[in-house]
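What follows are several structures.
Below, subunit A partners subunit B and then partners subunit C, in two separate complexes.
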Partner chain A sequence: MLAELGLAALALSFVAALYALVMSVAGERLHREALVISGRNAALATFPLLLVATGALLVALLTRDYQIAYVWSVTDPQTPDFFRFTALWGSQRGSLLFWCLTMSLFTTGAILLNWRSDRRLMPYSIAFMMAALLFFVGLVLFLENPFTRFWILPAAPADAQVVETALIPPGAVLPDATRLADTSQGLNPLLRHFGMIIHPPMLYLGFVGFTVPFAFAMAALASGDLSSNWIKATRRWSLIAWLFLSLGLILGGRWAYDVLGWGGYWGWDPVENAAFLPWLVGTAFIHSVMIQQKRGMLKVWNMFLVIATFSAVMFGTFATRSGVIESVHSFARSEVGFPMLAFWGTMTLIALALLLWRWQRGDLQDEHHFTGLLSRETLFVLNNIIFMALTVVIFWGSFGAPILSELFTGTEITLGVDYFMQVTPPLFLAMYVLMGIAPLSAWSATSVARLGRALFVPALLTGAALLLIGLSSPLTLVALIGYGAVLLAGFVAMVETVRGAAARRATRRESWPRALAALFGRNQRRYGGYLVHLGITVIGIGVIGSTVFQLETRRTLAQGETTRIDAEYELRYDGFERGLAADGRTINTATVTVFRDGAVVTQLRPRIDDYPDMPMTIAGAHSTLEKDFYVLLTGVDTAGAVATFKVYINPLVNLVWWGGLILILGTLIATWPRESAPERARVTQTLRGRRLEAAG
Partner chain B sequence: MTRSLLTLALLLLCLLPARAQRLVTQDDITLIAEKLYCPVCENIPLDDCGMPACLEWKDEIGRALAAGQSEDQIIAGFVARYGEQVVGVPQQPGLRALALVTPWLLVLLVSAGGWLTFRRWRRATPGPAPLPAVTGTAGEAEDYRQRLERDV
Partner chain C sequence: MAQLAWEKTGGAAAAGKRKRGSHARLKFLIGGGLILAAVLYLALSGTMTGARFFISVAEVAHNPALVGQSVRLTGAVLGESIVYDSQTGDLRFTVAHIPDTFDDLAAALHQAVNDPARTRLVIQMENQVMPDLLRHEAQAIVSGKMGSDGIFYATELNLKCPSRFEDGTPDLTAAQS
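Then we have the complex of A and B:
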């Protein structure tokens, strides 16, 4: 029953998306309002339908319906209810369905919230959003259906009696429920972590969220409304998508740190990079649209960036789901690879063709031109170049070089941490320097002297901070330069915020908290943005500290033996226990005591969970803001008398997570809805445009 | 002179077995294993891989170090046996250049494209005159105050 319900809802959502796509385009081309509205209603129907389909699969997971092949492959009778929820996105089929649901959620939100204000853009926006949704629902329905069931065909030969189909084959009987439960496979051990309940949905929301600005941009190109309306309409959607993508990346890093057992949070794995690429292009886009909004410039470039962001999202999805790139993150090789590649290529080509067409017609003329070499516009363009350069070198290392090498030389190569640590640091450094300078420059033109004066206080604070850090611990040249650039960016954000609050206090006699609150409330975008910059600064400090100053050592200890790790820390191996968990894994736990300057700091219990298919190394960590003492149990003899530990001391690593929280807070402030007047203005403008169009 | 050379040669001969059996720490192995990738499971550094084959390869690194092989020799040995995919940056000069030089060429290309576009923009019809320059700290403070008032 659940399978039938899910299948019917999925099929109906496919039909609804197709209908919405056709009606929206037809309505717009034929100027038939009724068709457009009919298309919109069909588009709105996709969300409840996909909610029903996803709900059916979730109920099947919770009620242990092992006849559904997906339920059988990702859960077993021992799987706790908590992980039955996460199993929804624990494998390709379920996660694609969940992906469709999040995409339809964004689509519904965009239609409902922008229908009145951006009426002229809506038909084509709906068409492009539905094209994307149609493709993914089609993938789920025809290639990766999560509602296929096991059947027994008694009349078939013995080796072909068990079949897996979506529809009931003639003469089929139900398989034995107990046998199905006994043979069910259970969730991938890597996914049995709290972080997995939130990391994938965040990443999916980030990925699919960029469909909305892309669809509006394409609608602008297709409809000819090439003003900044599409940017105003999608600014918040872009920020929301960027927020979720950032959150997904940060949570992914935390999950890797906790679960993958290698002492770090970013391994430059191709699939990690595939999620990072849209973030980089999306960040360039978020900065670049400000120039179009303020100065009416970079219209072609912004179109290109939104296309590149969507294209990066589609490529990332393809890289993760096709199995073309081997990674701890990627789903197994599947049939969706070629269709995804075709969809990615087709959408990108259509988008670029539309852009070229409008560009050649001269429809994307800038309203202003660059007047000074040193201006906020120029620095934003430089910022864009840095983000694009980062995108290019990361893409090259993750995909370009390995693919080209194999194609043209027949040699398989891997570009790993060594490559990325050679090519990315100079670009990240430039990014932080620009983050420090750009907010201080003025639109149109600024002078070096003026910029220098504005930089004086932040630079002074940076120098003082570097001096303090240098006095407390020795700094390498790399760390000094890195911290210098990162701190400058942070101090600029803080000084600008304090300066703004001080100006309010001077003119309105407000208290500091009130002045700050008013400042953030009245110009959310600027001060939310400063907070985001501060978050990126804190992340940067954490990354430099935990990369440059990380200590890593491996020690083998007998029970009761103590070893010195560095000048401060010692580690004692206290004991070992082995037990069998309810879900069938063997848990090997060591107990160790950590000493700092001779005093006991904490007792940790690193462990190895032995699953039938794979072992998982779960770290024991003592976390403080200053550093993490992170211990992995990497080997142990049968009796537990001797064990090998890998110990990491990760200075400032927690700043990566705290910086992430600040970034999220800043983005929320920048995104929070407030501007009602511009929306009204857009409604009036759009309606006036439509009246003129109808009259003409 | 000949006696000195003979003494030196004898001393070196005495040292050779000691070098051949030098004490290898687990951190020495880690330093090399971190630079290698698991030859059978793509994109997992050898040091982080817990597969039995990888554990054996790590032991092999230890034995090679104890036998006096250098880091470069050990890495070259792995590349010779399993191919270029076992290292984070290819060893073969042509592939190494392709891997490391191309991204910088691409960055130069992106930058040159940006610069040319910018020059084109500058040559295009000039826009409205820039805002009047405000000089002096008092003027700047007033300018800042006005900007802030507009913003908030």
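Then we have the complex of A and C:
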């Protein structure tokens, strides 16, 4: 019953998306309002339908319906209810269905919130959003259906008696429920972690969220409304997508740090990089559209960036889900690879063709030109160039070099971590320097003297902070330069915020908290942006600290024995215990005591969980803002008398996660809805456009 | 006359503006060119340093020219060959050759470990935590250098276990209802 319900809802959502696509385009082309409204209603129907389909699969997971192949492959009778819920995105089929649900959620939100204010853009926006949804629902329906069930065909040869189909085959009988439960596969142990519970949904929301600005941009190109309406309409959607993508990347790093047991959080793995590329292009886009809104410049470039962001999202999806890329993060090799590649190529080509057409017609003329080398728009463009350079070199290292070498030489050349560690730091350094200087520059033109005056206080604070850091611990040249650039960006954000609040205090006699609150409330984008910059600064400090100053060592200890790890820390092996968990795994836990300067700091319990067919090494960590003391149990004798530990001391690593939280807060402030006037303005502008069109 | 004077002044101003505009454009072009050159230099030098051939076990084992070169290879892990010393972190295991292209990874790995005629290569690693996914018939992707002693000294190891990532079919033959 659940399978039938899910399948029917899925099929209906496919039909609804197709209908919405056709009606929206037809309505716009034929100037038939009724068709456009009919298309809109069909588009709105996709969300409840996909909610029913996803709900059916979720209920099947929770009620242990092992006849459904997906339930059988990702859960077993020992799986706790909590992980039954998260198993929804534990494998390709369920996660693709969940992906469709999130995409229809964004689509529904965009239609409901922008329908009145951006009426002229809506038909083609719906068409592009529905084209993307149609493709993914089609993948789920025809290639990766999560509602297929196991059947037994008694009349078939012995080796072909068990079949997996979505529809009931003739003469089929139900398999034995107990046997199905006994043979079920269970959730991949790597996915049983808090980070993995919310990391995939966040990443999906980030990925699919960029469909909305892309669709509105394409609607602008197709409809001819080439004002900044599409940017105003999608500013929040872009920020929301960017927020979720950032959150997904940070949580993915946290998962790797806790679960993969190598003491790090970013391995420059191709699939990690594939998720990072849309973030880089999306960040360039978010900055670049400000110039179009303020100065009417970079119209072609902004269109290119939104196309590139969507294209990077589609490529990232292909890289993760096709199984073509070898990675611990990728799904198994799947039939979705070629269709995804085809969809990615087709959508990118259509988008570029539309852009070229409008460009050649001269419809995307800039209203101003670049003047001063130090003007804010020039520095923003430089920042864009740095983001795109990072995108290109990371793409080249992850995919370009292997693919091209294979094509032209017949031998694949891969680029390892060395490549990324050599190529990306100078570009990240430039990014931080520009992040510090650009907000201080004025639109149109800025003199060196003016910029120097504005930089004086942040530079002074940066120098003082470097001196303090240098006095408290020895610094390498790389760390000194890195910290210098990162701190400058952070101090600029802080000083500018304090300056703004001080100005309010001086003119309105407000208290500091009130002045700061009013400042963030009055200019959300600017001061939310500064908070985001501060978050990126904190992340940067964490990355430099944990990369440059990481200590890694291995110790074998008898029970009761203590060993010195470095000048401050000692480690004592206290005991070992082995137990059986309710889900069938054997838990091997060591207890160790950590001392700092002779005093007990904490007791840690690193462990190895033996699942029936694979072990999982779970670190024990003592986390402070200053550093992580991270211990892995790597081996133990049968009696537990002697155990070997791998110890990492990761300075400042927690700043990476705390910086992420600041970034989220800043983005939420910048995104939070407040103003209503621009929407009315867009309605007026749209109506005026329609009248002119009708008259012309 | 006034009109003429105005035109002359306006023309000179426009010419000056055009000159300043082309001067600014030149500055932007030079700046852009320098940035492009720097990025290209970074990418090229990084490629020269970090490039590794991704080749098969058979190619590595049979080509003496590859001794001492940084390469990346993939093979099927033979479970009984895994030896791990937790005290030193030394890890040694053997991989069997798998073809460059295959339809079913699980089948390709199964065939590789069960075919005694397939080329096999011993992989040696130092200072490792025993990888969770290192087991019989796992796909190992290792980077490192081939030693003159016939052992591959790896510095990076990635593993993939098809049984953990791919959906299977239950054995229901004993329990038809």
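Everything that follows uses one rule, which is that the second predicted complex is superposed on the first by the 690 of 696 C-alpha atoms of A that agree within 3 Å, B and C clash if a C-alpha of one lies under 4 Å from a C-alpha of the other, contacts with A are read in each partner's own complex, and residues count from 1 in each chain.
Simple rule for what comes next: a residue touches a chain if its C-beta (ideal position, glycine included) is under 8 Å from a C-beta of that chain, and two chains touch if they have at least 3 such contacts.
As the structure is a prediction and not an experimental result, all values here were calculated from the model.
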item	value
Three-chain arrangement built on subunit A, subunit B and subunit C clash or fit	clash
Subunit B versus subunit C as contact partner of A:E626, first or second or both or neither	neither
Which superposed partner A:Q161 touches (first subunit B, second subunit C, both, neither)	second
Subunit B versus subunit C as contact partner of A:E33, first or second or both or neither	neither
Which superposed partner A:D566 touches (first subunit B, second subunit C, both, neither)	neither
Partner chain(s) touched by A:E577 [first = subunit B, second = subunit C, both, neither]	neither
Contacts of A:T411 with subunit B and subunit C, given as first, second, both or neither	both
Superposition clash, subunit B against subunit C - the stretch among 45-53, 63-71 or 135-143 that is involved	45-53
Set intersection of subunit A contacts, subunit C complex versus subunit B complex	261-262, 269, 326-328, 369-371, 378, 382, 385, 389, 392-393, 396-397, 401, 411-419, 422-423, 427, 554, 556, 615, 617, 634-635, 644, 646
Of all residues in subunit A, those that touch subunit B in their complex	260-262, 267, 269-270, 325-328, 366-372, 378, 381-382, 384-385, 388-389, 392-393, 396-397, 400-401, 404-405, 409, 411-419, 422-423, 427, 442-445, 447, 450, 453, 499-500, 503-504, 506-507, 518-519, 522-523, 526, 552-556, 615, 617, 634-635, 644, 646
Interfacial residue positions of subunit B with respect to subunit A in the complex	26-27, 29-30, 35, 37, 41-45, 47-48, 50, 55, 83-90, 92, 94-95, 98-100, 102-104, 106-107, 110-111, 114, 118, 121-122, 124-131, 133-134, 137, 140, 144-145, 148-149, 151-152
Subunit C-facing residues of subunit A, complex	69-70, 72-73, 91, 93, 150, 152, 154, 158, 161-162, 164, 173-176, 178-180, 183-185, 188-190, 261-262, 269, 326-328, 331-333, 369-371, 373, 378, 382, 385, 389, 392-393, 396-397, 401-402, 411-420, 422-423, 426-427, 554, 556, 613-617, 632, 634-636, 644, 646
Touching residues on subunit C, where the partner in the complex is subunit A	21, 24, 27-28, 31-32, 35, 39, 42-43, 45-47, 49-55, 72, 74, 84-89, 105, 127, 129-130, 132-133, 135, 139, 141, 143, 156, 158-177
